[in-house]
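Okay, got some structures for you below.
Both complexes below contain chain A, partnered by chain B and then by chain C.
Let's turn to the complex of A and B:
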């Protein structure tokens, strides 16, 4: 796309009001006139009217947090999860060790062994959340979409260690049905089309 | 016998007024939060009790149980006594304000005013002015530069606005010819509301009232964005709470005075008039909250400019014109 396409600010029928900033008064008489205009003129009363109007309209925007929560974007990187295969319920992680290798904070530790069917099995997997910087590289590099970032941001516990062991991160087998697929990096929020708008400002 | 009845009646009235206004001060904080919240499209306190009504109680418990910190470098006796002055003067001032027209109950006529003094207005304004010593002394004794600045601003505000209060109220008093608040109320039964004949005085008095009660747009004393919390920076717990009670009681006094002097007070004094009277007072309380939501506050230099160059000359001209009208 050429730059012209970005410079074209056809913002459609949105209701933008350009703000007209007047010069500051310099002489005493100008200041006096400004005070009269603001005090006796409309400005003070417009202010009063605007807040009263909002009160009467009663369009409340409060989110009463613990009982109501806002949806979070798909790119949000909260505490990690290890996912399972949806059909068989087997663990997705194949123990390739890429996540351990790429981690910038060097905080993933895993231990693997070859089981009786000559398959590689992950016996231990932990992330030291005291060091993790939530960069998301581990989830990006994982070839099996096994380690992902969850969306749980309410973490209350007596110890940090309560979120970081394999058992804490792995989807419990009973909850397989509720396991949500990670939409991945670069995913747009579902209502992105409504949120992204052109503004009158040039780039 | 008469004397004993009088003493007991007065004591009961004092107790009732104290209780009602302490509770009202608390309730007004709730009202203020709600009104401000609605005007800013928020809900305000919601979790404690139905619609957050018990928030006042929770705040009370918090204030009473909080640690009472007295800073090492403060001047301790003054630091400790300063918060008492504001609510004390506010409650003393309210003694001379008629809170309701007289009514019949328990077989006697009850006058809901503690002292029906013949210099009512002067008394109320004088005592309220003493209340300004509270932030001033608090600021000077705290040993904190923000407090000191807040205290200095108190002095500015006091010096500037006492003049305007006095001068603005002089013109209506010239018309009435009495300082007694009940006389002023009775005058308006025959002659119509004083706001109609003295609109300038009304506006000036209201502006000065905002400054005296330290409310937006004149809340220089503890403006958070500039001086942390002004004179109250070092205070915590109930000492800080006392400042608040004082401020809210003062708000009620200014609202009562405005209604009494300019908006016909309780008129004839029937029960309906009485409730109308309280309604008008509540409107002015609402106005306090309303302006707080809508208006920014002024700088100290703008405050001085406004007082000495605009409001005071206006008040003087108003007095002169009223004087000429009364004479001829």
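Let's turn to the complex of A and C:
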């Protein structure tokens, strides 16, 4: 977009209030006069009064973080979650290792083994959040929609390297009902069904 | 071999007559898709991907020989369509389980499906239930198998066990319409594929020598190592090219390493892999990899001081040949500086044998190598339990027989059912101490223009201990028809024989007066290197230092000594292998303690930071870092370098066979050798191979002794006795029992005189 086109964008009709900015003083003396006028004059006290008045009225306009958290869009990429299959409660992650491979910060590690049912089991899974750049590649590459980004963006730790383990990320089994299908970065597009070619079956 | 000229995709190429188009293309960096082709084996012709157009005709390039003036196109629209359809067929009903499959990332099915741009499926057939089979070290998942038959081929053409075969698949017939609508080759391939699966030749379990090579050649995840299953994705592993430390063949291997687990960043070896087109591993090399020394306590200065003092005060260093050239060189330097004796019995015997032989022929090295053996069509093996002493020599014999339509005589007192089962091998169970007779026979039969004194002498030899079968001469004449390349493999029985001197002379004479080229299998990992580098002493005196051997002060890579040094998977260095090639070893796992070089630095007048600083002083004087460890596309061995044989002073044979007294074993004998999969303490330490040794007897011998697995017996020879338990081993036959050396709890050597056979009584206790 050229600068011209950028300036003349069609932004529709909006209720813009033009702000009248008076001419700024240019000489040193004029500037000094303005400071004195605003500081000692009534403008300062006007401001203080407004604050005091609103405080007494208990009319609060800011978000009361941390007791109140704003909802975050599904495409926001915060600390990961590992999801379960809704029907069986089984872990979705099959240990294919694609997330580990694609991770640009090389911060995913996993231990796998053969479980009692001869299936591949992911015994441990960790992400070093100190290295993770929250690019979302892992969620995008995951063929099982197992690793996804959650909305928990608060990361406090004593060291740069700090890890989330499988237990920290995995939906607790009693919260299975509350698990929401992820619709953010890496999720299936709504028209995915139409994009799939059917494989012929001889049945 | 004459040269021919041809063009492939317009590129002019000069090649040897008789080569296949595929090999020529590969050698010239031209890519032709191929799944079922295996270098050094006969073409399987299962996949048909290697279709090319030669002079206007479609041929399978893995099978078709190039001709002079040929014009080859590696792809045409029709071939492209065939290949795509072939890959579609392979994908029919293939489980969508790449996500967990061990092969993912190195899977030929994945690769070619992408390469041929398969993006939808046109064909279908009803799937059947095909349960997974557990075959010892190996697991077979028929659902993943694409029936390329590479596993069958390698086991037959390379290994010689022929333990796998194709078995009928229980499936429906293909839809009739496909015959007319599908590309021709794809249909034919499918038709064949749809009829078979892989099974074992011996009933429901796999009965073989467990080399695991079938898992290595399998292009998909159908044949895998059970131990490795689901432990790591292929791409997470670092491949460290190195050399197997267990026998003198010194196969090229990759140690595949990765961090131990999430919380432990220490490297761990997860598996060993190989370039199956160019090298073939035995089970010891494949599964016996984690023998590292874990007992290091870091750089312990006081321990080093103690070790230095001990070496300075010692009179003798006892060692074995599981040691690098550089370490051997350092030992020799210590000997020069301190006037120590260097004692290594096994290498000493080999050295004496070698010396006698090489002065007879006037050459500093023997004439054959394994490549030569593979190119032979008539091979004789004397004095080696080939299958366990030198597995790759066995593979080479088998390969030569299969590929060159060769034949082989296998002389050994211990029956070997595997050798016996190879068509073309005549096993002759000669008696112990009969090696002289065998070699004399070979000289007599194959020698040309023998000097009078020798032929006169040979006239008087009796061959009664060789146990020739009936009609042997006629059989041999049959075997020798149209044979032109001859190889003679000599094993460790001869080096330790009381008649070693005469035997060595006979071997020399065979080389001089017949068409045979000789391979003297080095009796341990780096015996050849050791004897070329060290001046060994017959015996020692004074205080003894043991380098990987128990002594007054033991320096050990095993972790059980007074001073710990790195094991062979923890250090850099070189071996001189059976092919007379200097091959490099690399560090797969870290060792943070001191090594032999640190002791030497305190004693010698020269100081070297690394052990491999000595490499440049050895053989062809090439630096360690200049040694490559790879094969070229055409299969040329580029590892390290070959040490050339030089002419040395020729001496007349002393040849006093007539005087040599007859050694005989009257009653039953035992043999000093290891079972399949074991070589030494290190293989026995590896987690997959851990086992207890015992007295190995063949099933029929067990019956004769009326013992069963686990029975305790007392084995007594004139030198002492040992209580061991019976292990029934169906990989040997006849009534000669085997006592192993790999188990450090069985001091088997004390029962023997040096020769590998001795008379013994076996009594149940």
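The rule we apply is simple: the second predicted complex is superposed on the first by the 113 of 203 C-alpha atoms of A that agree within 3 Å, B and C clash if a C-alpha of one lies under 4 Å from a C-alpha of the other, contacts with A are read in each partner's own complex, and residues count from 1 in each chain.
Rule of thumb we're sticking to: a contact is a pair of C-beta atoms (placed from the backbone, for glycine too) under 8 Å apart; a residue touches a chain by one contact, two chains touch by 3 or more.
All values derive from a computational prediction rather than experimental measurement.
Asker: Quick check for you: in the superposed arrangement, does A:51 touch first (chain B), second (chain C), both or neither?
Answerer: Touch partner of A:51: chain B, not chain C.
Asker: Please indicate which partner A:144 is in contact with in the superposed arrangement: first for chain B, second for chain C, both, or neither.
Answerer: In the superposition, A:144 contacts chain C only.
Asker: Of the partners chain B and chain C, which touch A:109 in the superposed model: first, second, both, neither?
Answerer: A:109 contacts chain C only, not chain B.
Asker: So, A:94: does it touch chain B (first), chain C (second), both, or neither?
Answerer: After superposing on A, A:94 lies in contact with chain C but is clear of chain B.
Asker: When the two structures are overlaid on chain A, which partner does A:23 contact: first (chain B), second (chain C), both, or neither?
Answerer: The answer is neither, since A:23 touches no partner chain.
Asker: Quick check for you: in the superposed arrangement, does A:197 touch first (chain B), second (chain C), both or neither?
Answerer: second
Asker: Is A:117 touching anything from chain B or chain C once the two structures are fitted on A? First, second, both or neither.
Answerer: Neither: A:117 stays clear of chain B and chain C.
Asker: Using the touch definition from the top, say if A:126 reaches chain B (first), chain C (second), both or neither.
Answerer: Only chain C; A:126 stays clear of chain B.
Asker: Counting touched residues of chain A, say whether chain B or chain C comes out ahead.
Answerer: After superposition, C is the partner touching more of chain A.
Asker: Can A:35 be said to touch chain B (first), chain C (second), both, or neither?
Answerer: A:35 sits against chain B, while chain C stays out of touch.
Asker: Quick one: in the complex, what on chain C touches chain A?
Answerer: 98-100, 104, 119-126, 132, 175, 229-233, 235-236, 259, 261-262
Asker: Please output the residues of chain A touching chain C within their complex, sorted ascending.
Answerer: Those in contact with chain C are residues 94-98, 100-101, 109-114, 118-121, 124-126, 143-144, 165, 197, 199-203.
Asker: Which part of chain A faces chain B closely enough to touch in the complex?
Answerer: My answer: residues 35, 44, 47-48, 50-52, 54-55, 58-62, 64.
Asker: In the complex, go through chain B and note every residue touching chain A.
Answerer: 35, 37-43, 46, 290-291, 293-295, 306, 310
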